[in-house]
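In what follows, chain A forms one complex with chain B and a second complex with chain C.
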Partner chain A sequence: MVDETLLDIVVTTEDREECIALIDQLLSLIYTNDSSLLSFLHSDVPEIFSKFFLNYLQTTVDSQSKERILRKLRDEVSHLEKISITVAFRPSRNSLEKMVSQVRKQYGSNMVMEVHYNPEIIAGAEIVYKGIYRDMTSRKKLDEVLNGMKGKAL
Partner chain B sequence: MKDFQSYLTETGEVGFVEGSRSCIVMASGLPGVTSQEIVMFENSEIGQVMTLKKDSIEILLLTKKSIRVGSKIVRTKEYMSITMSPELLGKTLNSLGYLVSLGKAPGAFSAKKPEEARRIEIHPPGMSERKQVEKQLETGVALVDLVLPIGKGQRELIIGDRKTGKTDFLNQTMISQARSGVVCIYAVIGQKRTDTLLLDQFLTEKGIRGNTIIVSSTSADAPGLIYLTPYVAMTIAEYFRDQGKDVLLILDDLTTHARAYREISLLAKRLPGRGSYPGDIFYSHARLIERAGAFTKASITCLPVAESTLGDLSGYIQTNLMSMTDGHIFFDIELYNQGNRPAVNAFLSVTRVGHQTQSKLERELSNSISSFLVIYDRMKQFMHFGTEASASAQNILVQGTRLDMFFNQGSDVIFDISFSIFIIGCIWAGKVNDMKPFDFKKKISSLYSIYSTNSDYKKKIVSLVSVDSFKELIAIIKRDGDVYFTHI
Partner chain C sequence: MDTTLIYILIFVLAAIALVGIALAVSYSSLFIKYRKLREELVERQKREADSFQKTFEDSRKQSLLILDQAQNAAREIVSRAGNITNGNNADLLKLVNENLKMQKASYDQALLSISENITKTFNSMPTDVKKQVEVEVAKLVSVIEADMSTLQTALQASLKQPFEEAQREADTYKKERIKQFEGSLFSILSDISREVLRKELTSEEHEKLVLKALEEKKIEGGI
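So, the complex of A and B:
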């Protein structure tokens, strides 16, 4: 089970990639002195991640335990399930968080979203999960209506 | 076929390309996809599902174009099938059923009356739909028709080294059969494009193009297309069989087919077996050849071709094919180099069901020739020591030489069985012993020309060879042979 605080941060597949890259960097710094690890977390890492990892790593002192924790975390993050969503707008962070909370309510907590932007769908969303495709877009609805009208007219 | 978006809306399933190795694509998604199903990529290229794994699938690409990682894939809920119509006769198709013509890109085949679409992978028919091989398939090659007869519905392997006259023999057989109304299907498997064009040209020149179909894949095609070629040809053969027409199907050649399948299997990382071929190479050929045979509706005579190396008949694919066919005709490179056309080695060739299609006279004649060829061969070896031959030995040598000359008929001559029996009768009756070799050859040529053009003469010969026993035939030829042979 992935830490809930981390799940709040890792919302999209891009977040996941960023998180994994960060863990890899932390793993490479873990056996150097503590100051370099801390300075890295303070200076080079986005704030949301920095806060999480500082809290997370505070609980342990020795490097081996830190490594074990980070590796476990990396494994859990990389196994988060992906759901692909195409929308007609570029969602803000706030929108993404709202979307992911809905997704996690439906499919479970260990979900991340791969969000695509395609204005051609007009509105609504295309969703792909475990190979199942659902088209819930206005484009499809509009096509259906127009084709129906065309059929009647002919 | 429909477009990508239509399939996506229709099936509601999508997959993504995770990686590719040449003609094999690994993909995720498509939870409901089935084995052998056709899938479509985002760029409208198609592939066939090869392997289903727990979380992924392997797809055999049916195109040479590369597929990008991350591309979407959709199911089509369709399987490889070919549109069937009598209008296929005279056409050249590729493995996807598209028409192939010189200088043009393959175009979809659309018949005025498309009768049905048939799946190319089906189970072979069971025993209840089959019957015994009863009729002979005339090849027009005297040695084969008399000594190694092939029955309609027989599966006879044509095996030999490169350039030993296998294709010439197959062409002679096709001419002979197409002229008698049999539908001939020639599967050109992974050969040069020029080979297909030359075959097309040859069949047109001989006036039999209207009764033949070429299914071709070239060495430049994707291995998936090469692999499917014989299955497509067999499916077309089954269609014409179900129309009540006898079919001659030539698969040229299955060693190339096996190599294409080996390439696919190795790329799919399947465990290699003997000669690096996959474990199911036998199954892939057996399930194909098993679809031919004599059926209650009509027959499919299958002549698969296998290429040997340095006359070695013990290769893996070659022995596999031998074990699943009803005999084999071996084309010997040594005989070819000695000038024999066809270069058939009668001692190393086998026909398992062909003899049951022969009449009593033909069987007697076949036995006599077979045993004579053994004696003649021994005698020739004996004479190498420079021994002075007795009269009877000399007689055997003269008779054997004439027989050799007759069987060495060339690659562009076709003899009717009746005519061949008559000539053999003349040789056995001693009518040709005094003739010089050149005169004998000339005589055969002139007699066959008369036989082909003079219907009265043909009728006479046919009635002459309708006797019951070989002895009787020899007696008649000894008595009245001059009427048919010398004074004509």
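So, the complex of A and C:
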């Protein structure tokens, strides 16, 4: 079962890549000293990630446990299932969170979104999951309406 | 018998013989005259019939010539019509109508002239010749009718194909133009609709539509 707090911060595949990169960096630092690790988390890491990892790492004393936890998290993040969604706007973080909430409701909690931007679809979304494509865009609806009108006119 | 009575009897017999000879000569002369007249009559009938037949033959040739001209003119119209199918249909119809009117006027005039000639010739004939001519005319009419029927069929056949071809070309062109027009119209309509929708939708509306799209998948039983 994936940590729910981790799922809150890993919404997109970009988040996932960033998270994995961050875990790799943390893994390289855990055997140095705590101060350098904390300094890194406080300074170079986005706030949502730093809060999450600080919460985990501060409660763990020894380095081996920290490594075990980080490797477990890395494994969980790596195995999040991808769904590709193309939208016609640049979604905010808030929008992405709403979207992923809906996705996880439909397809399971271990989902992560690969979001693409394409204004040609007008609105709605193109969805690709496990190689299956679904066109739920306004472009498709508009084409259907226009083709219907065209068919009647001709 | 009394000698006088014998002389009288001989005289009477001689007189009867003379009268008989005179009658025979007269009858012979009359018969020759009758035969001569009869021959003249037959000759005249033959001449009149030949003359009438010649008139009819001329008329027939003239009518065939007119029909031939009409046919050629029709072919020319069709040929021209085929060349201008890409143009205005109204112009085509106008051209055809004008040519048809012109041909009809020419044909009517020729027909009137032929009819007048025939009537004039016919009225000048004796009754017995007229009867014979009528028989010839009936034969001639049937020949002309057969010719006319053949000509009509040939003319119809020669006109039908090019006209149908021209009509098909015109229909195809019309359909293509309508298709092009509809294509352009819907392409423009599509572009405008897309542009308007893109500009009008806010981020919140986009978000709602995306969420709705994701919800719709559940209704369809998931991906």
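The rule we apply is simple: the second predicted complex is superposed on the first by the 154 of 154 C-alpha atoms of A that agree within 3 Å, B and C clash if a C-alpha of one lies under 4 Å from a C-alpha of the other, contacts with A are read in each partner's own complex, and residues count from 1 in each chain.
The definition used in the following text is that contacts are C-beta pairs under 8 Å (C-beta built on N, C-alpha and C of every residue); 3 or more make two chains touch, one makes a residue touch a chain.
Fair warning: this is a prediction, and the values are worked out from it, not measured in the lab.
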Clash or fit, chain B versus chain C on superposed chain A: fit
Touching partner for A:102 - first (chain B), second (chain C), both, neither: second
Where the C-alpha centre of chain A sits as vertex, the angle toward chain B and chain C in the overlay (nearest 10 degrees): 50
Partner chain(s) touched by A:130 [first = chain B, second = chain C, both, neither]: both
Chain B versus chain C as contact partner of A:89, first or second or both or neither: second
Dominant contact partner of chain A by residue count, chain C or chain B: C
Touching partner for A:11 - first (chain B), second (chain C), both, neither: neither
Superposed arrangement (fit on chain A Cα atoms) - minimum chain B/chain C Cα distance in Å: 10
On chain A, positions contacted by chain B and by chain C: 130, 132, 134
Touching residues on chain B, where the partner in the complex is chain A: 8-9, 11-15, 28-32
Of all residues in chain C, those that touch chain A in their complex: 178-179, 182, 186, 189-190, 193-194, 197-198, 201, 203, 205-207, 209-218, 222-223
Chain C-facing residues of chain A, complex: 85, 87-92, 95, 98-99, 102-103, 105-107, 119-120, 122-125, 127, 129-130, 132, 134, 136-139, 142-143, 146, 149-150, 153-154
Contact footprint of chain B on chain A as seen in their complex: 128, 130-135, 140
